[in-house]
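Heads up, there are several structures right after this.
There are two complexes below, and they share subunit A, which is joined by subunit B in the first and by subunit C in the second.
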Partner chain A sequence: MSVARAYGAIAIAALLLALLPVMVQSNTVINALVTAMIIALAAQGWNLLAGYGGQFSFGHAAFFGAGAYGNAILQTRYGINAYAAMLTATAIGAAVGAVIGYLSFRSGLRGSYFALITLAFAEVFRIIANATPFTGGAAGTLIKLQVSAANFQFASRAIYFWIILAIVTAVMFLMRGIERSRFGAYLVAVRENEDAAAALGVDTLDVKLKAIMLSAAMTALAGAFYVQYFLFVDSSIAFGTWISVEALLGPIIGGLGTVFGPLLGALALHFLGELAKAVAGRVLGIDLALFGILLVLIIAFARDGLQGLLTRLARLWRARRPA
Partner chain B sequence: MTAPLLRVSNASKRFGGLLAVDNASLIVKAGGITGLIGPNGAGKTTLFSLISGFEPPTSGSIVFDEAEISGLSPHRRASLGIARTFQIVQPFAGLSVRENIAVGAYLHCRRRDEALDRAAVIAERVGLASRLDAPAAGLTVSARKRLELARALATRPRLLLLDEVLAGLNPSEVRDIIPVIKAFVADGITILMVEHVMQAVMSLCDHVYVLAEGRMIAEGTPAEVTREPKVIEAYLGPGAAARIASGAASHG
Partner chain C sequence: MTSLDILAAAVLNGLMSGAVYALIAVGLTLVYGVLHIINFAHGAILSAAMFAAYLAFQAGVDPYVAMVPLALIFFGLGYGLQRLVIGPASHGDDRNILLITLGLSIVIENLLLAVFNSDTRTVDVAYGFSTLDLGFTFLALPRAAAFGVSCLVAVLLWILLAQTDTGKAIRAVAKEKLGASLAGIDVAHIYAVTFGLGAACLAIAACLLLPTYYVHPRVGNAYVLVAFTIVVLGGMGSIPGAIAGGLFVGVVESLSGLMFGESLGQLGIFVIFILVLLIRPTGLFGAKA
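Up next is the complex of A and B:
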């Protein structure tokens, strides 16, 4: 793949998405888009560690929550500016990633053991956040509404959308760069076979630690943005399993270990979820049931996700056309 | 006399109640091919793991290029110039042949295009040039063995540990791959190989060590060790050497 093609596709996708708020002015739609993009960002983080690195986390909520609470508490308790708070919260997320990564990778945890330990961390964090006054306890923490660009608060939802879109696009460029770097090659080698990678001079612990820190930073930034958008956080939003699940469903449905997978998956899931709610009306949890069915279908018929499915359809279509 | 490239002194490895390697010593001189043979379960692969760093020795020392390495992790040893292949081939199944080899090449070059170019050159040398962009998962056994060689070679090793690269190949495939291994030696790479294909050991190795039940029982040229009674008994059972000798005498 040429450099132009590798990065061009991301730029084109970003430009097309950027036009959406111009064409659709409905607040509900833009609101759904912002949420989908927050999930896409968290999912990019999960995809780096699991899709590329093969370390399947079931507790990315730990990082999302670290970013969310980090941002909220820094602003409300310490009066730190929103921009600085979001950046610091991202760094806190990376630090939490480093600690969890060091503890689990150092002791050689892999596969389902790693998944369980991350889930355990997220749950412990949730219980602690729910019980300590410092985090606002069960009532949660509310950021004061003061609409001003200096506070990273905007009257128009479209602006939030463009900002989160820009962040997701930047992360996708970064992921493409990683794919084409030595670090990316080492990460995939660790996923495929750790012993063989070590024999070829790959410091597998170092690679996994870098991956989990970067992954956690991305997901923490998603959490920080979530709080900035809704101006509220509590323990079940920040550390709830919902975000761990959404962060992994997106890439699996969109295409594991691909740059576009998390974005495609997150958008498809939210579009379908909204559709299901619109059609089935008030049947509680109908969107979740639909996600389940979709997941089964994808795993059964399109192991490489929507991205793989689209590539195959495109190839088929080209082959059908007379030359 | 120059110092040997690798010196294993009194190395032992214990797994619970099993002493897999028992006070084994060996020396690999720079240049040429040293063989390590022995019956199944003798501890050859364990000894390889001690040398490449995948298992820490229970006791003993491993000196590479005059430096003690027994405390180093596998990737540190790889960057010092020790590469290994695995008895059970371990390709990165989801990657192409070229990407597989590039992982090894990245050890000494940071840039992607450089690593990919180097991978193509190495694929050519082991006879995988035509399969460069094929997925590693779809390769034949013989091609996978070549891929193991190529990846190890890409790390620019000074000492290459080959763990039964010829096992599972048919005689014509063995014949095809032997010149590839000889070419490595011509390039100045020292090889220590575990091998069961005796025809290859006889034609390739300058010096052979024989391991049985974890202990080093003989060493010498291939011709010497195959005449050694202890070696014959290790393979064929106690008393076999005497029976063969008396059989030869009565028929003679």
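Up next is the complex of A and C:
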């Protein structure tokens, strides 16, 4: 895909999605769309580190939670303006990413070991957040409802949707830029063969650190936005395994290491989840069970995810048309 | 009771729970040692085994009676899971295996949730509150039984690995799978046997835990994170390491719970885990990663 076409495709996808709240006015639908977009953003973060860089984190909740708690605490405890709080929370997320990344990559942790240590960090944060009064303990932290644009609180859910959509779109443009940059090439080299990349003079520690910081920042922004939308956070929302799992399911199902993968995957998962609830009723966990089955099927039969399936279908369709 | 007695009791209690941790960790480390993958479905399989033991109890079978049949059933399940799902679906790529076992854990855990809801269940056994009088402290009978059976299983497993042909094949595959397959060993079969053994350990652990613990679709997670810690601590793939690590972690948990309270006691384990991973990822017993 040429550069112009790639950016064009992102813009068209964003515009089509932006029309959704105009066509459907149901609060439930818009609510689901906002959540899907938050997941898509967190998933973009995961995809940068794992899809492009090959470092599989099982604990992106650590970053999501840092953003979520960062935003909530800065506003409630220090009275900082919502916009500044969200930006600072994003930076805090990046800093947490830098610390975890520095510690683990310096020790040479890869593969399963890296997955394990990220999982452990998220779990440590969850236990601490659940036990300390500073984070509101087990009761969590509530942001006061004061609807006003100055507080980043809006009466209409559609506005939240457009904002998060704009953020996701911007991140997709950024990812497309990274794909074509020297940094992106280094990152893929690290994924394909870290030792070879190092032998060719790539500073692999530096590349991985940059990747985890950027990745953590994106996921932290998703967490900050989540809190801003729901105005509540507790330890199992912020640092629970659900977000670590959803952040990785999206890209894998949508297409690992692709710009569109996380968005496609997050939307598909939410559509599937709602469908499952509609068919099976309110059976607990049925949607996640389906996601798990989908994950296994995708890995077994379609390694390049939905994006790859769509590309193959398009190619078939084009081939069948007489030239 | 003097403070020394309290300390001794805490250490003893730690050893009791540590033995069950060790059993769970042995299953995990065995699979890692042979297949070189971390089985993220380990916790979910433990939850499933606990529900199986719970259902058996509802049907009137004591957990200690259900132990051997359940171990056999779970051996079969584990064998099938590796042979029919994980093996074929992963195309032999390590990252795929990681994700497949994660996917399996999500499926198992949420199916349990869908069927049994998120209620916390317990069983009432007649001996649930029986104790042994040791003079300086009392020891809960089910916990002492758990300790004894865990040790027995460890010994049996050691005999299996050291003395039988299957055990030799497992060790051969763990060391050099290509060489093993050239020597006529069916690697896919040995992989599945190993996975089955891991699942059987979980079934036994589940029966041992049931009289004193609760059942919940996510109950396995609490144990498996501890098991990961133990496996890393003892050296990935090392069975003696897993046993020593399990006992050690049990004691640390019990002592830090005594000193810092229950919820932060858990924290101690994770801190050890992170430190070991960062400083000595090959484990204290030095099995090469």
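Points worth noting:
Please note the rule applied: the second predicted complex is superposed on the first by the 323 of 323 C-alpha atoms of A that agree within 3 Å, B and C clash if a C-alpha of one lies under 4 Å from a C-alpha of the other, contacts with A are read in each partner's own complex, and residues count from 1 in each chain.
The rule is short, and it goes like this: a contact is a pair of C-beta atoms (placed from the backbone, for glycine too) under 8 Å apart; a residue touches a chain by one contact, two chains touch by 3 or more.
In this text the structure is predicted, and so the values were computed from the model without any measurement.
In the superposed model, A:A198 lies in contact with subunit B only, and not with subunit C. Contacts of A:I293 after superposition: subunit C is touched, whereas subunit B is not reached.
In the superposed model, A:V188 makes contact with subunit B only, not with subunit C.
In the superposed model, A:R180 lies in contact with subunit B only, and not with subunit C. Applying the stated contact rule after C-alpha superposition, one finds that A:L116 touches subunit C and leaves subunit B untouched. Applying the stated contact rule after C-alpha superposition, one finds that A:I12 touches neither subunit B nor subunit C. When both complexes are overlaid on chain A, the residue A:N130 reaches subunit C alone and has no touch with subunit B. Contact with neither subunit B nor subunit C is seen for A:V24 once the two complexes are overlaid on the shared chain.
Looking at the superposition, the partner that touches the larger set of subunit A residues, subunit B or subunit C, turns out to be C. Contact residues of subunit A toward subunit B in the complex are 180-182, 185-186, 188-189, 191-193, 195-204. By the touch criterion stated above, subunit B contacts subunit A in their complex at residues 52, 54, 73-75, 78-79, 83-84, 86, 90-95, 99, 102-104, 106-107, 110-112, 115, 151-152, 154-155. Interface of subunit A with subunit C (complex): residues 54, 56, 58, 103-104, 107-109, 111-113, 115-117, 119-121, 123-124, 127-128, 130-131, 241, 245, 248, 252, 283-289, 291-293, 295-296, 299-300. Across the complex, subunit C meets subunit A through its residues 37-38, 40, 85, 88-91, 94-96, 98-100, 102-107, 109-114, 117-118, 217, 221, 225, 228-229, 232, 263-264, 266-267, 270-271, 273-274, 277-279, 281, 289.
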